[in-house]
Amino acid sequence: MKKQDILTPIGLLFGTAVVLFGMMVGDTGLMIFFDPASIGITIGGSFAAVLITYPADELKKMIGLLKISMTSSNIYKTDLIDQFKEISRRIRKDGALSLEDYVSEIEDDFLRKGLELTIDGIEPDSIKQILELEIEAIENEYNKGSKIFKIWGTYAPAFGMIGTLIGLIQMLADMGSPETIASGMSKALITTFYGALFANIILNPIGFNIQNKGQKEVEYRDMMLCGIESIQEGDSARVIEEKLINFLTVEEKRSYYKRMIEEEGVDGGVA
Amino acid sequence: MKKQDILTPIGLLFGTAVVLFGMMVGDTGLMIFFDPASIGITIGGSFAAVLITYPADELKKMIGLLKISMTSSNIYKTDLIDQFKEISRRIRKDGALSLEDYVSEIEDDFLRKGLELTIDGIEPDSIKQILELEIEAIENEYNKGSKIFKIWGTYAPAFGMIGTLIGLIQMLADMGSPETIASGMSKALITTFYGALFANIILNPIGFNIQNKGQKEVEYRDMMLCGIESIQEGDSARVIEEKLINFLTVEEKRSYYKRMIEEEGVDGGVA
Amino acid sequence: MKKQDILTPIGLLFGTAVVLFGMMVGDTGLMIFFDPASIGITIGGSFAAVLITYPADELKKMIGLLKISMTSSNIYKTDLIDQFKEISRRIRKDGALSLEDYVSEIEDDFLRKGLELTIDGIEPDSIKQILELEIEAIENEYNKGSKIFKIWGTYAPAFGMIGTLIGLIQMLADMGSPETIASGMSKALITTFYGALFANIILNPIGFNIQNKGQKEVEYRDMMLCGIESIQEGDSARVIEEKLINFLTVEEKRSYYKRMIEEEGVDGGVA
Amino acid sequence: MKKQDILTPIGLLFGTAVVLFGMMVGDTGLMIFFDPASIGITIGGSFAAVLITYPADELKKMIGLLKISMTSSNIYKTDLIDQFKEISRRIRKDGALSLEDYVSEIEDDFLRKGLELTIDGIEPDSIKQILELEIEAIENEYNKGSKIFKIWGTYAPAFGMIGTLIGLIQMLADMGSPETIASGMSKALITTFYGALFANIILNPIGFNIQNKGQKEVEYRDMMLCGIESIQEGDSARVIEEKLINFLTVEEKRSYYKRMIEEEGVDGGVA
Amino acid sequence: MKKQDILTPIGLLFGTAVVLFGMMVGDTGLMIFFDPASIGITIGGSFAAVLITYPADELKKMIGLLKISMTSSNIYKTDLIDQFKEISRRIRKDGALSLEDYVSEIEDDFLRKGLELTIDGIEPDSIKQILELEIEAIENEYNKGSKIFKIWGTYAPAFGMIGTLIGLIQMLADMGSPETIASGMSKALITTFYGALFANIILNPIGFNIQNKGQKEVEYRDMMLCGIESIQEGDSARVIEEKLINFLTVEEKRSYYKRMIEEEGVDGGVA
């Protein structure tokens, strides 16, 4: 159901293309950059460090996290405002119990659970605690996932440098003609190159991508929690709207007010 | 309506001029610094990393953010104190309802909404919550925007180094006369040069500029919120003034007291 | 009783193998990397800095911390939920005192103490304070331990560089043929190599490993505390379950709901 | 009225002397370090980046901030304790109103305002809010000022490196004899030298100096606020003394107790 | 009365020995590392920056701080638990007033003051405030002291680099034979060497040492405060013990329970 986040593969392709272009500009060809031992030291060594750093159950998540970085989140903030205004009106008209059917059809698990607990008459404080615990858990999950990639992103250049040092020490220990030196040094630099490339075109951007998606998800859940609390406090549709609107970005606000004016002729005053 | 922030273009021009001057001092001319492939790797590669890092809707804001960094904010703190003193006096004299016309003419959306909700008799706690959510949203918006430029500012030198490594590896793999080496190395260094320049003259300063503007905006909104809360608590004009004065800088305070003394003969004691 | 955390030794072995492979690729052999004086400066010097940094009783813990990084924690979150649901049902049926025998057989000291204090009728606030103090103490213990390795991990490359500077100064002060220079420089680089290797394959990964294990332990204790508080507040089994489920990861939740459906036919709604 | 903080000019002079001495030790003379274009790139370029980073009204404060870094703050903590003990005794004897004359002669604006508001019978909560807002404003002012110098301190070495890269690229593009190279490289390094020197002998130390002065000022205001709150709560002279003594450093405490014993024969027990 | 912290001098001696050994391994002797001008630039220059950074009264503390880093703190946590259990029993038996003689003989100033204020019947909230202010003051004192050394530890390598740049510029400006270059470069590197050594074997370790001692001291005071509050709340000896035990490390707990079992046959359950 999730849409693809096309920017992630576009960025990966574009970045790789730009770097490949730079590598092909000279007369030396691409093959001088291909050295399996160097790739082994940089990627293998830094992955070994990641293996020590994280327990198995965290590492298992990495594939799922990569998928997350490739999909865009299902976030429909303006629909959520409409939904909460509708809920508030129904409660005012027919009471909370009339919502049961409406709520059971909500697709989002977090929102449905929150509203179900509300209708079931569980104490507001307990509901808040349950939902806050869940938001915290979501935040933790994303942050931990993001950190795996970022820590790998610090190990990769370090192992690139370790590979370069190995190459330099070997080269200096066994010097022949200047050209042998040059070729040795070229090989030595390849590991640093792979370390920097791997960290800056894959690991760090993916790490930050996951962090940003987590932030978005948490904001969306906070917005739902804010709405659910508002319902519990019996706020009017207007107050709920005023509260939830603040979770929109400037642009989203503008298009929301535009639609409001068109639909209802409301004069929205928030810039 | 926004005034231009002339320091941003002045800084950009002055910085470019200084660097260009340094590039022209020798006999080598400017053309040795012009290498499209290098610019491509540094700017293109680091932008690719930004594409992976951020979702599309965040990136769309970058143009708007650049505009923000070029305009100065509409912040009139001393006028705001006068306005709140006026409001406090009117309420004491004629009651809150007499304010309706006065408030509906306020240009600033945030301030008008806060006062309108107050007059409408919405509960103080709800108003505070709504306005705090809005301030938080403003803060988030600026911080996220600022961070896009700062993260780009960390990718740019990294891709500068990646370009330099590509150049060095190519050069060492195919060495001819010392002069060929020198020219190869010169080209290799150009990407590092562009990475450092792009990060330190554009990306980081713009990133911090936006962060500073966000801080200013948030302080201004906090000042409004403090005033609105004061009105709700029924504070006298004197207490409101004492509270709001603390949002002025030392210099603004001095000029405010000077005006006070001239206008009303008040002996302002706050340094 | 603790299971071994096989990833730590696997990572150490794999990382060492990868680096050794890189060192053996050339024709120079492994012996050029073996230089007792270099190892002495890097490991000895950085350990001396650690000796100054930490008091004796902290350093004594290092062996125990290494063991912790090699074992995986005993954490059974889904069992804990079952346990708390069972406890809640027993209390509802037979009252708190009927739990005495059940509780005295709990193996985990933290959980048993918390429940014993509850049955003994100690005030909920005192119990919460005692358990929170203990969780804080656990967190402190792990964080301090993790930091010893991380600080050593910053000293190691610094002493690697100090060794390299010593080598370079010696080499430059007494230059003979280019080959002498090369051999001297090769030796100089060996200390930097050891510093980077020691920090990135052992010290930093072990430091982060301990930090991650501490985080897991603290989360587990927080889950227990949440359950104990829930028991004290007289929450129903359903509310306890809803609260504790949030301490599970997405995958654990899925398998928990699957088991629930199989066992009881419950329709679990949380994604 | 402010005393001079002699350590700032002493440090500047001593640091400059030490570096100048190092520059004169060889036979090359000081003139090889003088290169207007290099100074222009480093200082001019980094200042351009500061211009983009900060709005005009922040930059205007820089002169004032430099003056602050040269003067020492008027802080007399033990006198303040005596003053508050005196005030507490007077209130106990003659009531709060008897203080009016005493208070109006207090020189420090913050302290006088706080006490005046107390005597005027403004609500304690409002007074606390006003004074806390003022302390926060002071803290902000110093922190922002300190940050301008620190951010300049990060731009300066960056532009030093940019200058060095310009020099190196020029040199490599146009190579003649080894001596031309050496002279070119020497010039290239001069910008890095100026960047490092400017950042580490002026910008960073001044930045931290202002931060430290701000911290001192805030502590002093916190001490005043603590005393004013104590007065409002009707604390006895002994309790006020016990509270305020904690704002003294170990050494100040010692000399305070020594004076107490001499004056009153009190047996001070706090180490 | 303070015991010496032998690890600090041992670390200093061991680290110096290791580095000296590395310096003597070659045939070049120690004298090539001795260059008064280099030492002057590195240590003198970085100290000048410290002079600008800190006011005189902070710098005066440096000698005292060095002494602190050489002595180990008087911390007897298990004795403290016994003491509080004894106090709790006495109060239950004979009332608070019977403690006067017992308390007046307590050597530790902080603990004695806290208990004296309790017996004197000062309000618990005031006592807590006084003691918390004192703990905060202790924490501040150590943190500030630790930071002086750490900031010096960042200036030292910076001035090492400045010295190296001076040497390189001089060398490149006046080149003779390759051997002159080598000797010049060797001298240039000496300042970097001193900067790295001074920072990593003295300044940073001493800075962290003081920070760790401060943390220990604060934990000990927190434990006292926790006990004093427990006494005020009238907790039983068992609850006091359960609370205070959490301030022990795992090992201290084990030995505490062992002693308990030997003495009283108590079955201690905390791991």
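We call the chains A, B, C, D and E, going by the order they appear; numbering starts again at 1 in every chain.
Here is the rule we use: a residue touches a chain if its C-beta (ideal position, glycine included) is under 8 Å from a C-beta of that chain, and two chains touch if they have at least 3 such contacts.
Quick caveat: nothing in here was measured; it's all calculated off a predicted structure.
K.L.:
What rotation angle superposes the Cα atoms of chain B onto chain C, in degrees to the nearest 5?
P.N.:
So the angle, rounded to a multiple of 5, is 145 degrees.
K.L.:
Could you tell me the distance, in whole angstrom, between the mean C-alpha positions of chain A and chain D?
P.N.:
40
K.L.:
Just curious, how far off is chain B from chain A if you go by their C-alpha centres, in Å?
P.N.:
From the centre of chain A to the centre of chain B is 25 Å.
K.L.:
Can you pull out the residues of chain D that are in contact with at least two other chains?
P.N.:
Not one residue of chain D touches more than one other chain, so the list is empty.
K.L.:
Considering only which chains touch which, label the overall pattern as line, ring, star, complete or other.
P.N.:
Ring.
K.L.:
In what order do you meet the chains if you trace the ring from chain B in the direction of chain D?
P.N.:
B, D, E, C, A
K.L.:
Where on chain C does chain A make contact in their complex?
P.N.:
5-8, 10-12, 14-16, 18-19, 21-23, 25-28, 32-33, 69, 72, 178-179, 182-183, 185-186, 189-190, 192-193, 196-197, 199-201, 204-206, 208-209, 212-213, 216, 226, 235, 239, 242-243, 246-251, 269-271
K.L.:
Can you list the residues on chain B that touch chain A in the complex?
P.N.:
37-38, 40-41, 44-45, 47-61, 109-110, 112-113, 116-117, 122, 126, 129-130, 133-134, 136-137, 141, 151, 155, 158-159, 161-163, 165-166, 168-170, 172-175
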